[in-house]
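Residue numbering begins at 1 within each chain, and the chains themselves are lettered A, B, C and D in the order written.
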Amino acid sequence: MLSIYTTLNPGVERLTGKGINIRFKELQSDIGFIKDLELSIGKLSEERWSEPQGPTPFPSIIALRNWDRQLLKRYPPFYLPFCDLCCLCTYGKCDLTGTKRGACGITIGAQQSRMVLLATCIGAATHVSHAHELVECAIRKYGAGFPLDPGGLAVEVEAPVIRLVCGIKPEKLGDLEGVLEYLESQVTCLLSSVHTGQEGDNLDLESKVLHAGMIDQVGMEVADIAQISAFGYPKADPDAPLVDLGMATVDTTKPVILIIGHNVPPAISIVDYLAAHRLTDEVTVTGICCTAIDVTRYTANAKIIGPISWQLRYIRSGIPDVIVVDEQCIRTDALYEAEKIHAPFIATSEKNCMGLPNRTQDPADAIVRDLVSGKMPGVLILDPAKVGEVTVRVAREVAPERRKVGSLLSTKEIIELARNCTQCKQCRRACPNDLHIPESMKAATKGNTTMASDMYEVCVGCGRCEQACPQNIPIHTIIISAASRTMGEEKFRCRTGRGAIQDVEIRKVGGPLVLGEIPGVVAFVGCANYPKGGKEVAEMCVEFAKRRYIVCTSGCSAISIGMYRDEEGKTPYEQYPGSFDAGGIVNVGSCVANAHIAGAAIKIASIFARRNLRGNYEEIADYVYNRVGAVGVAWGAMSQKAAAIASGFWRLGIPVVVGPHGTKYRRMLLGRADRDEDWYVHDRRTGNEVYVGPVPEHLFFSAETKEEAMVMIAKLCMRPNDTGKGRAIKLTHYIDLHKRLLGTIPDDIYRYVRTMTDVPITEKEEITRQLHAHDWVENTIPDPTLLLWQIKKQEQ
Amino acid sequence: MLSIYTTLNPGVERLTGKGINIRFKELQSDIGFIKDLELSIGKLSEERWSEPQGPTPFPSIIALRNWDRQLLKRYPPFYLPFCDLCCLCTYGKCDLTGTKRGACGITIGAQQSRMVLLATCIGAATHVSHAHELVECAIRKYGAGFPLDPGGLAVEVEAPVIRLVCGIKPEKLGDLEGVLEYLESQVTCLLSSVHTGQEGDNLDLESKVLHAGMIDQVGMEVADIAQISAFGYPKADPDAPLVDLGMATVDTTKPVILIIGHNVPPAISIVDYLAAHRLTDEVTVTGICCTAIDVTRYTANAKIIGPISWQLRYIRSGIPDVIVVDEQCIRTDALYEAEKIHAPFIATSEKNCMGLPNRTQDPADAIVRDLVSGKMPGVLILDPAKVGEVTVRVAREVAPERRKVGSLLSTKEIIELARNCTQCKQCRRACPNDLHIPESMKAATKGNTTMASDMYEVCVGCGRCEQACPQNIPIHTIIISAASRTMGEEKFRCRTGRGAIQDVEIRKVGGPLVLGEIPGVVAFVGCANYPKGGKEVAEMCVEFAKRRYIVCTSGCSAISIGMYRDEEGKTPYEQYPGSFDAGGIVNVGSCVANAHIAGAAIKIASIFARRNLRGNYEEIADYVYNRVGAVGVAWGAMSQKAAAIASGFWRLGIPVVVGPHGTKYRRMLLGRADRDEDWYVHDRRTGNEVYVGPVPEHLFFSAETKEEAMVMIAKLCMRPNDTGKGRAIKLTHYIDLHKRLLGTIPDDIYRYVRTMTDVPITEKEEITRQLHAHDWVENTIPDPTLLLWQIKKQEQ
Amino acid sequence: MTAIEPWQTAEIAGPKRASVIIKPEVADAMIQRAKHPVLIIGHLAAAIDLDDHKMIDYLLLLAQKGHIPIIGTGNTNRELQKRGYREGGIMPAVDIGQRLCDPTWKGLDGKEPYDLAIFAGLPYYMEWTILSGLKHFAPHIKTMTLDNTYQPHAHWSFANISVKDWLENLKAIIENLEG
Amino acid sequence: MTAIEPWQTAEIAGPKRASVIIKPEVADAMIQRAKHPVLIIGHLAAAIDLDDHKMIDYLLLLAQKGHIPIIGTGNTNRELQKRGYREGGIMPAVDIGQRLCDPTWKGLDGKEPYDLAIFAGLPYYMEWTILSGLKHFAPHIKTMTLDNTYQPHAHWSFANISVKDWLENLKAIIENLEG
């Protein structure tokens, strides 16, 4: 592995990443002649970090295969083939229906796992490459020696994921480069496994998926600690500022800049340029998706418009005067949409050039001229500093002329257009959420636009309806126009990303969490491919915060949660504190900040339970899996990144719930509650095998409805390690939600009762009846582990 | 970029890959205390390599975008969508028919390019990760300081691709690690661009495809020079040994080991173990695919069985006693097939674990016992040394018992089985080559197995027919059984891979090639997904060798070429010399040796034309494109690697012809001969724009038949720089082949005649008529370039 | 031909696709032939209007007439309860899908493996993916859907039919079951 | 329904698929409606037996009767030459595909853009991919195939029909053209 010994050009013999060792046989350089120099620098870091190295620093793609197999034995893939064919090579297409093998010998199951691996590789590559850009950018600005400081004084365990996976303790920006090298080699190796005629075993492919997820998690941590450190974001701050959220927060009398994407440097440069030229109050910076969150972590002046699904509607509203895109989750037709509202367009990433001329080397004056005059609808500028200047200048110059011209329609125009509808239903058949468009068009012809405006909330803004309409009816525009009143009321407050979790917070909640007395950590993350709008995420979030779970969030979900108001008109962020504590709603930040949620789970093992982190993945994952009642919820998971993020959670033993669209991820990882033999653990103290019940029941689960999801979330928070008191609390929530949402007391409570202390008092009678009916016998609560060697350790 | 400054743990401030620079502020180590040490080591290599650095060392993913755009302007993608849908994220599936955009805004064209980028990323990742394994393995064995020496004394320009792309001159194994880091970061970044909502411009996606191809080419060079150096393969040796090829060369009285794949260390360890134990004559080592070629580069004792498509037939023949697989191009059902013939199975790669138990840490005795007893059908062993021992011992122990039991059928059995056929045609409909299986079954019931045996040659051994048959007729087994006589006669000689091309060879042919007097270099490379069997490749190869083109080959194509005999019973390798010269047939080696073919083209620019290579990609590609009449032919291109290899050639300006299955690569890159405006170049001397005709006409072309391919190959060898004499020679071949194969004189000769000296004497009359009919006017022969800055250079 | 295309345009299936229930008798025959059928009702059944009733009301009728056990997915059980139906099993749709792939699974009632799984009222794409799983991995079980949209991965499905035709068909199926 | 599935089982197309030439008149109507049709003949036409002749012989007849210019792909031209047909254009199949996507391309004869491209005798999968290209990128042109296999990406195609039916259809098409 390169990261173990990196050997460079003549002279340098060998250079190892961990316990660095440089030997020169002979070296003639400017400053003299050295012979047989041996530098052992490893000691330095050893001194500062006394933690012993675990068994798997910088693990290879199969180093954790045994752990993966443990998980996959309990949660074997249930395949939901998204295509019966394979089209990956020119032997294909191959028909893989049923037991048929493709021309390379692969089966339908392995093919699904292979596609998942491909997706997670894409996801991991995206975060890693994003991290690479951020680190590079930060080093360019501040030097490799710039200290990493994601948590200020409040955080001692600073990069839990990197420590856990890589076995190193990064202290400066430059330290992250060795990590990136490792990550990139792993992505390459994993991707290679997807090649025709490579890995063909479905479980080995799934193990590689888990590896990709772990790599992705490290990549996210690298990205976020680099940007927190370099850009001075809130540092593990529960009181990170509340910022404006929603289209209606924008003052449309001023020039408005829209930034879409994930890689924040161009946005920051815009903010800096405004500040340097005292224009902060003159020009509004608005954002969609993760760049939006990250720019508000830099300055609370910026405004978040909405999640990924807000792109079309915001652009078509005509409000933005200039559109700047960086990377990831950007509509590929954004340029086309920008042209329609005459908003100059600036692409800023090598990864997303959009066919635009590269003007990076040109003087700002010339670029501004070409954009303002409309000579060029858009340009590519790869220098963030130049982006800052050009964007602001163009925004100020075009804004007066543009006068926020958008594509919104009057009711009269809507009626007119709706009349062209032939009720062919192509739109509805193209709509991912099967929305009743033809019906609403019919209503609209009669002047009733309520049906159309009602769709606004549940529409994911994909535009497929318009693409499908043979009459070229601008359906999405009709929907948003009909809902223009709703749009005009989108005025919320969102807590911006606080970053990591403080050690002191962990210390405080570690015990209650591991014992089960705080019923769980529920993390709402991921994209906006919601089945019924973003409101559902907010509702779930509030429900669990109310129940005093610790609620975390990030990315598009964090934005959706903010777009909701309770009876008092308060958003969840205004109602619940931002602390990592029972009843808190913790927005960690953009997608890459997800690493802090994993990091919190890891830190519980380290800070609360004093387990060694360093290169000790398997033990820590086993710890988290058996003791930390955390659940990820990606209600609108859409992307390959979301797939990778979920995989990272799985390997750490944290189950993930997705919405119904999540079945398109090609397979679930489901346990079999009804198979008792699946649910034994080793007792670390005694070495006995103990039945602990199906906790957590699933590793990857797609819920059909919000209600089903909530019940499952409550259930998935149970862990073998729960104390009686803790289990009783968790069961109370589970039963309560089940009753309320599904109408009955669950019939599987008996599986979760180990001793009578587990039984919640409220439903004692009914539960006792269940226990009797199932010949329940009391059991012990073990010190649970799936790892044989954990027992041996105790024995010694 | 990481490869530019790699900063490591505390103490090491900064470490740059090129022009290494290490600074320590303070360093306390075992051997003392150093303060403010600055080592500049770059000088060392500078001194030995005076070539000035070009503009694009370690190019980023868009550094060569302008060059790519030049190519793509002439050869815009012609899309052949392989699926109307996209299924890459959970917004999907999306219908992209016609002008419909997906939920992320992407169009069908961009989607095809995106899938190509995905494929080339997989291909490049595979070669890069393979290279990584080889370098690591070699360093483990010989140390990072082990010198790279791929060409002995005959090669001065040793790593032309690395020099060209990276701008460094690797001298030791360890130098390759910095290159690998760069490659892995590029693969990651490119893969990231595939993510939903990243690059959506089809031409930018294509530019990234070209970058992936270039990265792949570097990866291949790293792999091959590492293994040549470490394992002592033939070093640019035109007289590399002839080795046995074909099933019938195997002495079935001895234990037989079969190795399948690409990564040679386990195979080498088997050979070493045999040698160390004086068993070389007792046990036969046979191979399929690239490992086969590479093990014969290590020892001429090993035998090549056939290309990738020989897997099923050879295993079912029952000859191999133990099957060892490493990585890439291995049937995923190989284990299953091995079990059927009771051959123990050993997997050796992290990338292809096949679900087998990892026995790497177990003593060889125990593994051998379990395999021989059949307790385990297969194992995973990740230590090549242990693979060597276990394989040989198992082979010797099981061979006597197994008695080469295979699955072949007697004629009686064939008739019996064929009787079950209901003529449902599912087999034929599943067969990639639409073979007439039902008809042959009908004939077989009547005892006539000729039709079945006739299919042997054209069958690609995919097994899909069997998968499709509702009657479970073992169709492929019937075919090979019917052809058992043919199989029994597979006894050929193949020249093993010689590796690089010598500088002296380049010096000799450089002039004639660039002037056009050697009509071209034709490289037959890639997989065995042939439309009508491997014979066609051999026939094409011989035709061009006869015509005194320089013929190169590698991988499965090189094997197919060897499986052919002329009237005198000689294989092409026995008939034509292995030298890189007119009329030579140059087997460079396994797939990764393809880099030497690109390298030869590059070296022509360097050695013959004295252009600087170092970090000077654009100029050299422009040189190759306009002057070196090289064409790649991947007649059976199947894999993602093949896609990547082709892309690498394209970026270097070398066109690639594929067989008809190649249309499944989702798009062609075709020029428009009929659009005169497309075919102007700059004259470097004068700066004038000169029409040069459509040379080469296409960049990526799928031929329907061998005949069409041959005509096109001859045509694609023309280059603007051809002298009159050279052009006349090239036209002669083109016309001759056209007449013979298509029945007429081509009607587009006038496009290729610039001055009357271009006109071949033989067809002068007809051509003159054509010229008149098309109002032909004489033109000049420029000093051609597509690069404006090349003129400026001259002007200065 | 449009009627037997997947309802969601892009959800194209592979070579093996559902037979169309061209008349109610087909569905009845399947149900009557089954030894242990199960009716899986998704949450949309309670949202879709059919006549003056909801789809779920007809499904309940069907289950009762045909003595078919019901499993409610999503939050369907709440709707069943509302209608006084208390025997409904509760299970998430993906869990049922997974269980059905196990030929030894004896059903929620523990009696014997289901041999016919009838789906209705799930979101189209979710039913599509689950039926895909069953098509490939549950060869021992027949699947049918009673939605009015073509589900290519089922064994039997209606074509994309109008609400009117659908209602007629459902009524006929229920009626025939009585006989 | 099997007859209108792709001949190569796995070559499933998307939502937009070819109409089936259910009777020869359909093909004739298309041909006669076309202002500038072209017949693209792949190399298999000379290999496939139809009666005592080869497929290419019937195609030649068709072209002559219908005054349709021929372009031979692969090495088809050699077979045309053998049969004394000298006006055939020569062009690789992928080149034709690319040219046809250009609405300004005036055809090999330089007359005017083709409005109907009739394919026959190419390897199934290659015809499939090229017709796919045309379906998406040549909306200005109609495509038809005269092979006896269903080509989903064409506008019109036979179903997968027997050689006997095929021959009858071809003969009828040729005959009707005369009228």
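Observations on the structure shown:
Note that a contact is a pair of C-beta atoms (placed from the backbone, for glycine too) under 8 Å apart; a residue touches a chain by one contact, two chains touch by 3 or more.
Please read all numbers here as calculations on a predicted model, not as lab measurements.
With respect to chain B, maximal separation of chain centres occurs for C (centres as means of Cα atoms).
A comparison of the B-C and B-D interfaces places the larger number of contacting C-beta pairs at B-D. Separating the CA-averaged centres of chain B and chain C is a span of 51 Å.
Distance between chain centres (mean CA atoms), chain B to chain D: 35 Å.
Computed centre separation for the pair chain C/chain D is 44 angstrom, with centres defined by C-alpha atoms. In terms of their C-alpha centroids, the spacing between chain A and chain B amounts to 38 Å.
Chain B has residues 82-83, 85, 92-95, 430, 432, 468, 661, 664 in contact with two or more other chains.
Listed for chain C are residues 9-10, 12, 14-15, each touching two or more other chains.
On the chain C side of its complex with chain B, the touching residues are 9-12. Considering their complex, residues 78-85, 95-98, 108-109, 426, 429-430, 432, 434, 468, 531, 660-661, 663-664, 668, 670, 672, 674, 701-705, 707-708, 712, 741-744, 746-747 of chain B touch chain D.
Residue ranges of chain C in contact with chain A, taken from their complex: 7-10, 13-16, 42-43, 73-75, 77-78, 80-82, 90, 92-95, 97-99, 101, 105, 122-126, 129-130, 132-133, 135-137, 139. Every residue of chain A that touches chain D in the complex is listed here, in rising order: 85, 92-95.
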